[in-house]
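In the two complexes below, subunit A is the common chain; its partner is subunit B in one and subunit C in the other.
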Partner chain A sequence: PPIAYEFQEELVIRPLHSGDIYASFQFRTVWETDFTRGISHYRLFPKSLGQVISKFSVRELHISFTQGYWRTMQWGQPYLPSPPGAELWVWFQDTVTDVDATWKELTNVLSGIFCASLNFIDSTNTVQPSASFKPLGIANGTDHRFLRYATLPREIVCTENLTPWKKLLPCGSKAGLAVLLKSEKLFHSSFHSQAVHIRPVCQDEPCKTASLELRQTLNVVFDLHASGQGKREWSLFKMFSRTLTEACPLASSSKIYIDVTDNPQDQFELSPATHLLSQAVVLGDRRTFSVYDLTQQVTFGTVRSLNVLIRWKSTEGDMLRPLLHAERYVAGYGLQTGEIHTLMYNNHPFRSFPVLLLDSVPWYLRLYVHTLTVTSKGKDNKPSYIHYQPSKDRMRPHLLEMLVQLPPHSVTEVTVQFERALLKWTEYTPDPNHGFYVGSSVVSALVPSTVAMNTNITKEQPLFSTFFPTKEESSYFIRVYTEPLLVNLPTPDFSMPYNVICLTCTVVAVGYGSLYNLLTRSFQVEEPNPGLAKRIANVIRKMRGVPPL
Partner chain B sequence: MGLLSDPNRRRALISLLTRLNAPICALCYFAAVCWFMGLAFEPFTLRTYMSENAMGSTMVEERFPSGERALATGKEFAAHKKKVGGMPVDWLVKTMQARGLEVFTQSFSRTLPFPDENKERYIVKGTNVYGILRAPRAPRTEALVLSAPCSPGDNNNQAVGLLLGLAHYFRSQVFWAKDIIFLVNEHDLIGMQAWLESYHHTNTTGMDWSPLQGRGGSIQAALSLELSSDVITSLDIILEGLNGQLPNLDLANLFYAFCQKIGVLCTIQGRLQRNDWDSVSGYSHAVQTMMLMVMKQASGRPWGDHGLFLRYHIEAATVKGINSFRQYKTDVTTVGRLLEGMFRKLNNLLERLHQSYFFYLMPSLSHFVSIGYYMPAFGLLAVILLLRALDLWVQLVSPPAIAADGVGDIAQQSSPGVLSVLTPLVISHLTGAALYILPTRFQEIAVEHFPVSETEAVVLTAIAVYTAGLALPHNTHRLLSGEGTEQGWRVLKLVAVLYLAVLLGCTALINFSLGFILALTLVPVAAFVTPHVPKTLSAVVLVILSPAFTLLFSVFFFQELEEMPVSFQDGWLLYLSVISQGILDHYLYGSLVYPLIALMVYPCWLLFWNILFWK
Partner chain C sequence: MSEFVTDLLSAHFFRPCPCGLLKWIPAGDVTVENFLRVLTGRLPPSTPRSKRLLSDDRSNILIYLTGHGGNGFLKFQDSEEISNVELADAFEQMWQKRRYNELLFIIDTCQGASMYERFYSPNIMALASSQVGEDSLSHQPDLAIGVHLMDRYTFYLLEFLEDIHPASKANMNDLFKVCPKSQCVSTPGHRTDLFQRDPESVLITDFFGSVRKVEITTEVVNLTDPIDPANGEAREEMYSYVDQLPVSEIIHQKPKQKDWHPPDGFILGLWTLILLVFFKTYGVKHLKHIF
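Now for the complex of A and B:
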């Protein structure tokens, strides 16, 4: 059968209330193939990933590298959420017999492909969520034994992760939107996140045959004060220090969307102006976008280069009220116990909705699950579903999943106390006084939508609105990550181990030993030994038969 | 130890120790005082040095340019403060938002156990305003804090101005790896306590506060700024925190290093450093600086807004601008540059400050005395107690020599009952508990029946209970077990001496200064008191060396050190206010000095008082 490929690229730019600007790249390669059989030709699909998928029988793979924390209160919801650090979750085919071994091998291979420390994923930070991470593509089974989820909150993302990511693109960074991805600007931002998502999708409406979809996404937020010098004026050149001259020749579609919904009174102007407008339903809201189609030569104008400029006429910014947001912190002081507080805000004025909370806590924080409380508006809020898997020391982390109903316009607080474990001295990191990380908790929710969501998957839509599948019109799916935690554990003074060891040994040996000796021994006065002369005299006296001296 | 396992030699050693007990004790006491005074002598101290590599070798440039603008902002703040008559919350929120910070407010209220006459407050309601500068590409796990108090009157306006100026400047920089929290706290320490308790969601003192909306992860370090003039002559660093806790020495080193680099005069305890350590006046200068630190640390109260951070293992110090009559002045831009440098270095930290010392005394900003050097001074005092205990033990176990006149009766040799020891112990501790509980409980009754204010009522009740305690216990043991025996007081004294040794030892480990000052006065009492010394004279000595008089002397001594000597009349009033402040510190911030004195030290002293009047 003829193998069909499709490659699309897309950039969405959304001006944010805070004056910052959000740019989201998506590159999508769809490959109509039965990828379970042996494959030798990959064409547009990156071979390195294709081989990994067929070798390890991966059904879905989602990996993200994020530097920074998405500020929901300032920026609203992102198109693609991701937690700080690295996140990896994989659904394996149900033909895989030893999932754990395959997972271990897969993480090591991915570690090489993306130049990241994914090889630090092991059984102590891997969990199998029962409900929070359902397959995003077509799936005929959701047995969570074939799911593995892990985060590395400490992972630092930098250029060495960007380069291999760019190499997976059909045009590399030579042409198309990827020209803009220059690391000196991308890492001069408030937030940077890059991800790879592989999943099986339907080819057509009846969904008889599946095709493999590879989405590479990159999200970046530029700061008004640091990158923008405090001036509310953004252009492609100011953001990326490049302009666009052509689309990727292999791309079937290549577009730039600018979100102009918040511009009813012409608070900002776009240049060059475009008459192409598009509407899309995204994150429960109908948004209007100005579109630049890069496959059309006319877009580049006479100067043969496109530098979209957004200039504000008036400046005003206020705090957003996103419908759902979450935060987390550690309460208490001292190095013995503590309490994890997770706050979930439902800002919807009259609708309550359920959320799934997933917490994965390392074993060295010993959770006291009997202290778990969930309160909303001062009242106990009993979760309708709780899945808890206790930790095993040095083996696996705690996993806590809960289905909680958030009442309208409320804050729901989940608290659980913990005790800090004393590690063995080789288990401390090289910088133990920095603290130990606890990964973000994940809040997955079906939020009531203000407009009807689009459930037709085959209709032509911008890429950014089609990542999470929508099953019903009245609500949409979002995922919110809380901040990771940094927890100090009781730490010995490593700066002078030699002194410590010497001193301890001396005190124990000398002090304790001899004191013990003194306390337990019974003392008796011994007759002094007679001198030599006396002994000889006694011998003589004995021979003479007189009593000795 | 071989010495002790040989019974002959052991006997010889013990007899030597018992025979020469008094001279050895006197020698130890003398040696302890000499050792302590020697600590301030410069050749015996260590120079400070930066232990933390992350702050040591990395270079930072200070470029803060806009001191004048910060002063203008400070004036604006002062105008708004005057207009509102307190914290200008709306103005601060708007100003911080304009500087690109995430701004949050927190309201709190606290009713004091009794009115604070020094600061004239009883029911305190206030609002803290703080703005968070989010570090780019950082996941909100670490934070630094810069705070300035919103003080009544014209104080600290420049501090708030400079804080806002720094916030504006820091916001446009890209190198931040930790969130920076700019906090303006109302009602100084009470506001700070409310904010910190809310940040860590603890409630140790029963304060009402609204929960915080924004956080920045675990706070690594904090600086508190006090600045009340447009130009300054020197900057003072205040380290002493709650319960005598001190921040890591590296924080003081950092301050000193930047003062040297930028060329600002810096002081500790408000005293400049002198180079003539070999002259008498130079030495006495160092001793006075160290004594000031000892007195402040022993008081257990937070000496600046930073003092409350230390409970949460956050290294913190207060930087205070001083404007005296010197010619050489430093402008606010320079102070801003100094703070910028310090924050940039703290931002470079990879781990919490932990490399340097947490226990130290500072005779000057460039020299310090570490715990290994000052502990022997206390150890020498503690040895006296152990020697006395040994002496008593030997007297108790060895059969008393039959007196020449054959009066050594059998009854006296029988070991005294548990009751005869337990009764004074229990009674003196009950008196201590009364001293702890009654003053705050009975203030209303006292105000009804006597023409005094609540604060006076509390202090006077405390003094009354203290004095009443002197009359109570020394006769009570007779009620239960008849006449006190010769063995009886020895056992009681043995218990009391060991109790005191443990008590002082533990105190000195946590708060050396407090432990040392208490040991200095209580150890002689413990050493000499017996029922056979002249009663009247000993009673006077005992009272003079009691904890209450120690506090009185400390007040006068502290005023002397501060070069603000007071007359006896003023000193007495000051003494009363110090007592009320100490009780307030306990109820407001959780300072442990008042309960320690009331529940442990005073009962222990009463035991010795009891022994003196043993019949």
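Now for the complex of A and C:
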């Protein structure tokens, strides 16, 4: 029978090859409700989000706030990808009549809930992808008119965003895994990303009932030298400055998974020891995990607190190269033109697979789409699907979506030239010489998997492996984000209005003033002041009636 | 800066900090226009509640400003200024609309006293860290990042406030004595002539503390039964997940029919020009050959 309410929490710790450590928190609340009929009673599901969903007829909502850029080549693939800055994409229900107005209201309400500047999302940075960002939950059809995607690459994530995010959890930050989420350690990291994902999911195998799932995820990568003081030894206390004392009482499952797949020769040791092992197929690979079950009292031992310690003895072993990887940069010189290069690497030795590239470029970089070239291994590679929506100044951005087949073991380069526009002087930000951000490109792909993926939805699986739904066993879906670009637009000198006013007024005053005086002044000859003797003589002459000297 | 204010208020006056009393405005939104709109309440209807100042005629408001300033102005984000006249007018608007009961205005900038010189609305008490013609100085630098983290007046004000607890009887005269010239190098000033009560009788906790009134009742309220989940009839059709990258479907996607718009003014003007030039050159008699 479907469960009315369920809350699960888990933490996955994956030691990375470079010595850094990657921790991924997931908090999942599943609520069996018919949300189209209106929701009235909230228990574990946060009321603020529930009201947003019912008021704006939202089918799926995905919002993420990220600080830092995920380095795929050094760290591998993340469990949940996210671009730097803020990203929001929403699927609305079919009943919505004016999607754009609803989107604008939704972004304002979300900016209030998460204390972020999401109200800067407007028509100049919102796009409607035509093939990417298919719904991650259950759906009848996919009419892309109800999808909106926006990204704010300039958004900074800080404590004020973390606090309302933590408030949405059933146990808050008082019990369970959320006690580890202390901002002074979380923001002292190389990468920090927090996200909220709401979608309808299947509850059981025949999938006759739909439930609403809320996943709150937090990914953080701690740097070996900044947080780890150079020593390759990690513990919960070193990472978060807290230890765990209990699971969240409202959670049906509360687990910590440590990825021990790369440890066949015991390069690192784990303490306290645990004999619970679990295997899961995630990101196309079968990984082994040591599990700590926080719902069992025995996990906490006699000290009543759990501090997992990972100590390295040797540092051999190499990393599995990620199969798909993307980069982007701006080429060119000067402030008039430039060229955007996007490189996609297919590191599979013999299989090729298709990728969908989504590029959303702001209107002030005018793309010359006739210069778009896609080359793989030096030869032209024609995409099988291109969707381009040109920009309109100050109204919408460029949208470019392409389906490209990447040949095996190759680099595919997509180049397009652009020209920079001159903005009106009020449109510049207070720090215009910093540059203007262009949001990350999104590369969505079905990558061939080395082991059979699990397509059974109801088997008990760890949360991190069930985020993207898998329909077939031989491939898995990933999304890779490129770097955001920072381009300088021709910036005027903002002191010029003042300079111009001063100079003009001076020129007018000096030039016109003197000319006017020359034209209109009349000159009179003036006698110099006569001496004393002459003055007395003039007085006597006046008395005599004789004209003066 | 904002984090220390929250920490101070939440740690010493009420736990946890109720988000209704402190308004968080993210950095991108901090402009003079937004600040004045928050004060006067003239915000677009889509602004969420957490970004509005939901005050009425029984609210005491504390406004604390710090940064760079000068004689009669305060800098916002290095690109715009707010003047003392604008601020005074905004407070008068608030008074006319009954948006505050009493207002405490603290400013820590150079020549801060110039900012409160122009106030003319009742029930405002103002404190500044320096007089006109003086500079407010900053406190010690953080040697790790080489930047001064706090101003002197703010530092000593914080030190003073850390000794205040919710039941304290300290009054405004004690607040006026914070940071004398020996510590602050500048002369702090204050203005109480607009305030109707005697500063001696005004408690600091009137502005810095807040107690939520809790009424305890032993009555039992019966909640009605929850709405019946009317799923007696199970759905016949099954739900399913969507293919994330349906390649064949994408390739064969039909391009969407774009709505027909009547020709733009530019196109119409262009065609009119072409026709005019044609008939001017060749004469109107050719019309009958065409039609």
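One rule holds for everything that comes next: the second predicted complex is superposed on the first by the 489 of 549 C-alpha atoms of A that agree within 3 Å, B and C clash if a C-alpha of one lies under 4 Å from a C-alpha of the other, contacts with A are read in each partner's own complex, and residues count from 1 in each chain.
Just so we're on the same page, a contact is a pair of C-beta atoms (placed from the backbone, for glycine too) under 8 Å apart; a residue touches a chain by one contact, two chains touch by 3 or more.
This one's a predicted model, so the numbers in the text were calculated from it and none came from an experiment.
In the superposition on chain A, A:D431 makes contact with both subunit B and subunit C. Contact with neither subunit B nor subunit C is seen for A:R242 once the two complexes are overlaid on the shared chain. Once the two complexes are overlaid on the shared chain, A:K182 sits clear of subunit B and of subunit C alike. Applying the stated contact rule after C-alpha superposition, one finds that A:K471 touches subunit C and leaves subunit B untouched. Contact with subunit B, but none with subunit C, is seen for A:P84 once the two complexes are overlaid on the shared chain.
In the superposition on chain A, contact of A:R366 is made with neither subunit B nor subunit C. In the superposition on chain A, contact is made by A:S111 with subunit C only, not with subunit B.
When the two structures are aligned on the shared chain, A:H409 is found in touch with neither subunit B nor subunit C. By the document's definition of touching, of the two partners only subunit B reaches A:H192; subunit C does not. Residues 431 of subunit A touch subunit B in one complex and subunit C in the other. Looking at the complex, you find that subunit A touches subunit B at residues 67-69, 71, 73-74, 84-85, 153, 187-192, 223-226, 229-230, 327, 329-335, 339, 341, 431-435, 437, 483-488, 493, 495, 510, 514-515, 517-518, 521, 523, 525. For subunit A in complex with subunit C, the touching residues are 34, 40-41, 104-105, 108-109, 111-113, 115-117, 119-120, 130-131, 134-140, 142, 154-156, 159-160, 164, 200, 202, 206-210, 354, 356, 384-385, 403, 430-431, 444-446, 468-469, 471, 477, 494. Within the complex formed with subunit A, the residues of subunit C that make contact are 2-3, 19, 24, 26-29, 46-51, 77-80, 226-227, 229, 231, 234-235, 238-247, 250-251, 253, 256. Of all the residues in subunit B, the ones that touch subunit A in their complex are 1, 4-5, 7, 100, 102, 134, 136-142, 171-174, 200-202, 215, 217-218, 311-313, 350-352, 354-355.
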